[in-house]
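Chain IDs A, B and C follow the sequence of writing; residue 1 opens each chain.
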């Protein structure tokens, strides 16, 4: 194992996160069994007081999930000098079998964590804890995923030895080779451009429609989810090459490096953030009719939709600008 | 719900005033916290700055160095090999280098003798680094005696010195002419110490190295990036090791944080009871505790960083240098070029502020759930 | 009815050996714009009853309604919101925060509502002025005399312009003159259409002409009203 301070920091953070999530889950199980809002008994009062603690812990946990996803990629990028053949984070992740699974799971958990926070925000605004049980049910489902993530990340770092020969993003995401990554990266560009443009426009339209008419929440959420995936694929298949001005360089991580102005960070933040907000709208939709939330959810949804639209526009602007000024010309 | 921004401002206001009211307790905490950050940051800044200097220096090193290995030991390499390397595809610069070590019994130190590619000193004169000059108390024009391989004494004049800025590299350096070097080392004109090879396209390096090894089986090729990687590994290993050792200090710090936060004195408990009674919710008190923690954390973190910066980049890291540099007789004194990047700050943040915040969550919550009617009873 | 309690019971340390029922079987209504006194010896449960009425604690069983809205099962966040808007508290021991000024003490209850500091400050100063202690606004509370501190507490109770003033044994540590002054202040507040609720066993309070109704409590149960 490499004793790099960033690695230590990530291990510490994920250890703490897992521990807190487990603690919160145990409590969540209690809630699911004994919650009774009508009762004024001390047990119920104690549970209610504890929900403050758990909410605080989970707010902390999920914020740290958000930060640690980006720190994870940042660290992988910094570590690439240790490995022969690695030029960026792509190579680092490929060093052993745990790298990419850890990254994918972390991203997935990032999105789930964001949606949990949205559900929590709605719940605390209702005067009768309307979503508390569902919230903790969701938490119990999330816990094994977070524990798995910690396991994968730790295994990844523990098995890391300097000097391992790994692949550069050129071969991982390039035109030759037969991995999933290569297949994704070599999707035909004109088709992807069309798909991406269409998906983005539809999502934006659904978002604006929802903001104005407060209808079509599910449609918007579904489109947001699809758009998230399509956008990530688009980055892999054609957006990246316009940044690198090299038709064979598809790496999704090199844009995070200094030489490209760290442009990767705003791009991924916008894409993931927009996806989370859009999905959040759909998540809250079933609860619009609940009495205590009737006044709370629609404005919250509108805010989320607005955030999603703005983030997607930021993403579109960055991409559009790059496509316009890039020196790359594809036939 | 409340207008977010003003609520934050109001509560932050109260938090600051309440921190000041318990000045001494909070100052003690800030002191310890700053110390922990200072130690960690010093270690990190120092190791990274040195590593960066090393890599910058290595930028000037040849992409590949060819050494002759006989019976597993390094031995002088025939100058004739230069021609055999020159015509390998991709090679654009080849030259033989003359350098070696010299043990000076007078001060018990090793000097590095180097014959530079161009601008070598006149025969009979040398240029020396600051470490050598200090060790031998040399002034310009003084003579040093060198013992030659043949057993004679060779006196060389120290005509010039290297500037202090380059001490990291030149401290123990002695530049001399080829003739003088050969006299001291006992070598002949057809042998050199090693051969430096420059390759036009860095991607071809591995291929070229293979070809050289194939053509000249009694040699080995050392690539510059391998050196860099080794440096990285060593520095990170050492830096990480220190961090682990400091983990003990950190653990004590976390325990202290927990203790200070849990210890809700009767005065503080009463105050929170009053706040709850007059209309503050649990989440308002939690927010206050959060701001308390943030204020302490951020000020300690920034203070610790600043002090570490001065310690390492201005004051020469007096406390840490011996551990991190390994030991040698001619310790260079030098100013490190300040080098901090986001990675270091992020790592420091995650290793100090995050554990502290976690340690204080539960005590903060316990404080905030004081019942509003507690002041009535 | 402004406030209604139905069959309210409050138990402390439930399930433990020191389980203790503070009040039970309480059926009570409080009328708006009137002054009501809850009279009873110490240990009778008056303070608990006051806490229940003032939304400081939830009943173990029973219902409490304020202006027709059921509050007994509201989450703490909402309960506190109701409390801030509806009630202003005056405590037995003043309970001012030490180490900060009188002005800050008066502003504190309104901090969580996110009001602009400038507007809040002005309101607080006006209140202090109304009670004749504006000159002491910047003094730390330790520097105030008993009478001044009492007036600051009343000003603090009024900062959120509540419907109801709740006072727990307000005259317990006051001399006769200050106690009478206190009741005069309550009379003025009643004229301003505030509802007054006081727990006390001090005759100066209970026998005051300001008071419209006296409710008797003993051993956690209501025992009717004084004539």
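Criterion: contacts are C-beta pairs under 8 Å (C-beta built on N, C-alpha and C of every residue); 3 or more make two chains touch, one makes a residue touch a chain.
Quantities reported herein were computed from a predicted structural model and do not represent experimental measurements.
Trainee: Line, ring, star, complete or other: which one describes how these chains touch?
Mentor: Graph shape here is complete: every pair of chains touches.
Trainee: Name the chain with the Cα centroid closest to the overall protein Cα centroid.
Mentor: Taking the mean of C-alpha atoms per chain, the most central one is A.
Trainee: At what distance in angstrom does the C-alpha mean of subunit C lie from that of subunit A?
Mentor: 49
Trainee: Can you compute the centre-to-centre distance for subunit A and subunit B, using the mean CA position of each chain? Integer Å is fine.
Mentor: 34
Trainee: Averaging over Cα atoms per chain, report the distance between subunit B and subunit C in Å.
Mentor: Centre separation, subunit B to subunit C: 63 Å.
Trainee: Indicate the residues of subunit A shared as contacts by at least two other chains.
Mentor: 49
Trainee: Could you list which residues of subunit B touch at least two other chains?
Mentor: Residues 282-283.
Trainee: Mind pulling the subunit C residues that touch 2 or more other chains?
Mentor: Within subunit C, residues 76-77 contact more than one other chain.
Trainee: Under the definition above, what is the set of subunit C residues touching subunit A in their complex?
Mentor: Touching subunit A: residues 11-15, 58-62, 72-78 of subunit C.
Trainee: Which subunit C residues qualify as touching subunit B in the complex?
Mentor: 47-48, 50-51, 56-57, 76-77, 80-81, 83-84, 89, 91-93, 95-100, 104, 108-117, 156, 160, 168
Trainee: So in the complex, the part of subunit A that touches subunit C is made up of which residues?
Mentor: Going by the criterion above, the answer is residues 37-43, 45, 48-49, 124, 127-129.
Trainee: Would you pull the subunit A residues touching subunit B in the complex into a rising list?
Mentor: Touch list, subunit A to subunit B: 2-10, 12-13, 16, 20, 49, 52-53, 56-57, 60, 64, 71, 74-75, 78, 81-82, 84, 125, 162-163.
Trainee: Over in the complex, which subunit B residues touch subunit C? Could you list them?
Mentor: Touching subunit C from subunit B are residues 2-7, 9-11, 13-14, 17, 21, 267, 271, 274-275, 277-284, 371-373, 375-377.
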